[in-house]
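Across the two complexes that follow, chain A remains constant while its partner is chain B and subsequently chain C.
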Partner chain A sequence: MKRRIICNEDFCIGCRLCEVYCNVKHSKSGDILLAYKYEKEKEPSRMAFEQKEHVCGSIVCMNCKDPLCIKACSMGAIKIEDGTVIIDNERCVGCWMCVMVCPFGAIKRGDEKAFKCDHCHGEEVPICVLNCPNKALVYEAD
Partner chain B sequence: MKYVIIGNGTAAVGAIEGIRYNDKKSEIILISKENCISYSKPQLYKMLNQENLKSIYYRNEEFYINNNVSTILGKTLKSVDFSKKLLVLEDDSIKYDRLLIATGTKANVPKLKGFDGEIYSFTNIDEALKLKQSLVNKDKIAVLGGGLIGAKLSEYLHKMGKEVILIVSSKGVLSSLGDEKISEILNKEILEKGVNLLLSRNILGAKKIDSKIELKLDKETIKCDAIVSCKGVKPEISPFEKTELSINQGIIVDEHMRTNVDEVFAAGDVTEMYNSIEDAYCNIPILPNAYGGGYSAGINMSGGNSKIETVYPMNSLKIFDVKMITMGLLSPTEKDEVMSLFDPEKKVYRKLVIRGEKLIGAALLGDIDRAGILNNIIRSNLDVSTIKEELLNNKINFYVLPRDMREVIVKSYTEGIK
Partner chain C sequence: MSSVIPEFIVDKNEDRCIKCKVCVRQCSEEVFKYFEDFDLIRIYNDKCVGCHRCEMMCPTDALTITKNNALYKDNFHWSSYTINSIKKQAETGGMTLTGSGNDKAYVSYWDRMLLDASQVTNPPIDPLREPMELRTYLGKKPGRILLKEENGEMSLETKLSPQIKLETPIMFSAMSYGSISLNACESLASAASRLGTFYNTGEGGLHKKLYKYGKNTIGQVASGRFGVDTDYLAACAAIEIKIGQGAKPGIGGHLPGEKVTVEISETRMIPSGTDAISPAPHHDIYSIEDLKQLISLIKEATNYEKPVFVKIAAVHNSAAIASGIVRAGADVIVIDGFRGGTGAAPSVIRDNTGIPIEVALAVIDQRLRDESIRNEVSIVAAGGIRSSADAVKAMALGADAVYIATAALIAMGCTLCQKCYKGKCNWGLTTQDPVLTRRLNPEIGSEKLTNLVNSWNLEIKEILGSMGINAIEALRGNRLRLRGVGLTELESKILGIEHAGM
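Moving on to the complex of A and B:
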């Protein structure tokens, strides 16, 4: 089982809608206005939109074949479940060893806890891919 | 096949998971002198103000049962006869087919002239609990050594309301990292937060006066209630000292975690591995190496083929409010190019060490996000001639890397292609 969100940077137009949809999806309320007005700081997007001059794209966890984050986690809080690398929020202590080793910079720092893309909790297609207007984001699952 | 693992730390856990990846059935016996399940060494500080050992467990209690591992806990290995594949414990002996040595490290506790009282250390649960119990009626604590353990322990003791005197022989804390700026920033932080930091001090001796301790330094004499030694750690090699095992500071292993003795592997803090940046065998006692080495050893012990490409030091730590991540070599030689920036207002410091257009070391202080991108550049030996300015000055960003490089990185990590 492999799950990956790949960004075709030739198609990415830098609209950052992936971040917006991701924020809302992972917010408490699930409502765009409430999420942005009251919850944004607590639930930042799991996407890392990046830009360098005219090149841009979004990077999320690539679910590496042999994930370095699992080896580096000081609490043993990271594991692979159903093809997706998962951080156990209860056990994470925010030591940032995962941030230190992720080659894509895909693990973000929250309030004392690390978090990352969860492929929308195993939904068939992640919300960012569904809503990418120029179809730059592609979901690969096999 | 009968696998025996000596030790119960991160490397041992990695090895169990590595062995079970290939071999679900064979017997695994784990022997440890510590009488508890595997816990996270970097989180040991939490034992001082938390009751529950569970909060620092590295795996859950069912781990050993789920992986069908027989544990012999609280028993010390006395000696080994490699020719007979025999391990001698205090009151028992055990045969092995394949052996993993993952005994970790032990504290380096100096002798203080004229002092016969207790010197505490802080490298395992027993030591931590012993210190915790003694702290009940002690308020003024002298911590010897400004390395990682000493600095972090000082912070914790201070937060518990103790008066802490941190005594360091060099010019700054964490001086072993080889970066004066980092030491300078941390010195300032520790002082500002209220720890009494004494730098460039040699300890001449100590003596007990009633319930107090008088600690004699070269520049002054201080009074305290307890002394904790954090003068580093050394590999726990004592059961193997008189054997044919190849040992320098630690046990020498190759890239497959094999020792010089047939069917004997070693992993974790007890080992020395080849460090490509230093071009030498080094003891690098950090958790990612322990798990990664243990896992590779487990794969190789059970008939697979796993090779450790490169090891070098790296660490993520927070001392009071200063967060930092360091990777690779930070003390450059003459042939190296050093780039750095420092913003005292924002408390941000970044340093890159470059040798022959390859990044060999990096430090991020304050802003540590996406540090792994730099770490991968070091690990993969990528050319940074066109991007080094940007790596130093801008937000670290995957798209700073040229497209062909990015595509190779994605492929190599997702498909495991080198």
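Moving on to the complex of A and C:
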């Protein structure tokens, strides 16, 4: 089993709604207005958006077959579960080695722990893909 | 300082705005600007064209675009539109330009015609239970058919003229690559191929990516002759000579040099960065005899295998012109009514030139019948077909098929803001800016177009069923199934239909 969210940069329109919905999905309330306007604790988005001139795209964890982050993690905090690369918050000590080695820049620094896309806790289709207005984000699960 | 009052007001509800800045990123007119130091999204109403992109993209419905109701004091004669036009012209000294079709309150005869239905003596048909045929063929039909018998098998002795087969009587009208984006062209081409119908290249040539849709392509040859070569003629299923366009009869086209990108220049076969000017007339056509020469030339070049269309704008003496076009050897006549759209035209032409398609269609069909040459040609009606009902009424008035373009653009996202000529279309349709063209994913565009035509197909079948007809060809020119409401005696006579109650 391998799960990947792929961005077709030919059709990414740079609206960054994927980030908005990612934030909402990982908020406490799960409601867009509450999450943005009232919740105090806010997690940054798990999408890595990049833009140069007219070309842009959002990159998230590709769930590599042989992930460099697993090799780099000295705490053994990263593992593959059902095709998804997962960071164990209990074990992570925030050394940021995984952040350094990820070739996609898909792992981000939180306040103390590293975090990354979790494919919406194994939901059938991740929220960013569902809400991409131009179908630039495509979900592949095989 | 501009003396023009903003046409629209962009209202942002601060209680709902989450400062995600989608509006800032999406508006190509730069109505929104984010000031980081103040964490403020500043709105410039004067730049808003009313396309509603921001409103639709805003994830919290915080934006509302409203018409500026305070736009000058009410005046029946001097409307706000008129006052703003005068002010703009006084400022610039230029013609005011516009896009899409005539939006003025002229009568729409589609809305003054009602369809018949069967009751008791002529039972209706249930299209869900019985077969309904929407298939039709465009091209010259023989006056009589001779059969021959060989070894007990019957075959056709009469040689048929080239025909194109339509699985639905709805085609996509001419929009060039240049006036619309390649993604929009690809959406149309792919939808036409999925639907078994045709789209038209406009005068933009055929991009190499679109050659694979050749058998669903009508290639246009217009006054600029852009993109026409033997490969182009060979790839397309039919060739259309464009004489005029409903939105701007008697006016040529002008694609400014800055829009002529490398790909467009290759497709149109002109140097990149140069203006692509389609002259108002074909400089080699000044008479029906000249037109006949071009038709013959194209037929010769395509080995007499492809029907040749001639497209004219609906104007005062359309019927006589149409008769001439048939005699010049065209296989299909396309009539484009005054509601037809355009990428750019002087407002004064778009709003004041041409005649309604309903009238032109009725008089052309009648004239060709009176002259016993109606079978020599198929008629395609274009220009402002809004729904399946309009299409059915057009066919009852005498059309073989209809062209839709504005409806197709709306299906792909267009909101008729009429700013096509600015080249900054927020929906990625009438633009060549790479930031904007990517906003139309051809996969989505094609699916929406296919859905639109499929739903019209279902509706047409329902309408035919209610009339007790099981094939679209049986409705063609059947004006007895139409009745007028609120028409004068003269209007009814011209349209060739009885008034309701008769």
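Simple rule for what comes next: the second predicted complex is superposed on the first by the 137 of 142 C-alpha atoms of A that agree within 3 Å, B and C clash if a C-alpha of one lies under 4 Å from a C-alpha of the other, contacts with A are read in each partner's own complex, and residues count from 1 in each chain.
Everything that follows uses one rule, which is that a contact is a pair of C-beta atoms (placed from the backbone, for glycine too) under 8 Å apart; a residue touches a chain by one contact, two chains touch by 3 or more.
Quick caveat, the model's predicted, so the values are computed rather than measured.
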| item | value |
| --- | --- |
| Three-chain arrangement built on chain A, chain B and chain C clash or fit | fit |
| Partner chain in contact with A:Arg109 - chain B first, chain C second, else both or neither | first |
| Which superposed partner A:Glu50 touches (first chain B, second chain C, both, neither) | first |
| Partner chain(s) touched by A:Pro133 [first = chain B, second = chain C, both, neither] | second |
| Partner chain(s) touched by A:Cys95 [first = chain B, second = chain C, both, neither] | first |
| Partner chain in contact with A:Ile13 - chain B first, chain C second, else both or neither | second |
| First (chain B), second (chain C), both or neither touched by A:Leu33 | second |
| Partner chain in contact with A:Ala72 - chain B first, chain C second, else both or neither | first |
| Partner with the higher number of touched chain A residues, chain C or chain B | B |
| Chain C versus chain B - closest C-alpha approach in the superposed model, Å | 15 |
| Contact set on chain B toward chain A in their complex | 13-14, 40-43, 56-59, 287-288, 291-292, 295, 314-316, 323, 325, 327, 368-373, 375-376, 379, 390, 396-400, 403, 409-410, 413-416 |
| Chain A to chain B touching residues, read off their complex | 2, 4, 6, 9, 48, 50-52, 55-57, 59, 62-66, 68, 70-72, 74-76, 93, 95-105, 107-109 |
| Residues of chain A that touch chain C when the two form their complex | 10-17, 19-21, 32-33, 36-37, 54, 133-136 |
| Contacting residues of chain C [partner chain A, same complex] | 16, 18-22, 25-26, 57, 59-60, 428, 433-435, 438-441, 443-444 |
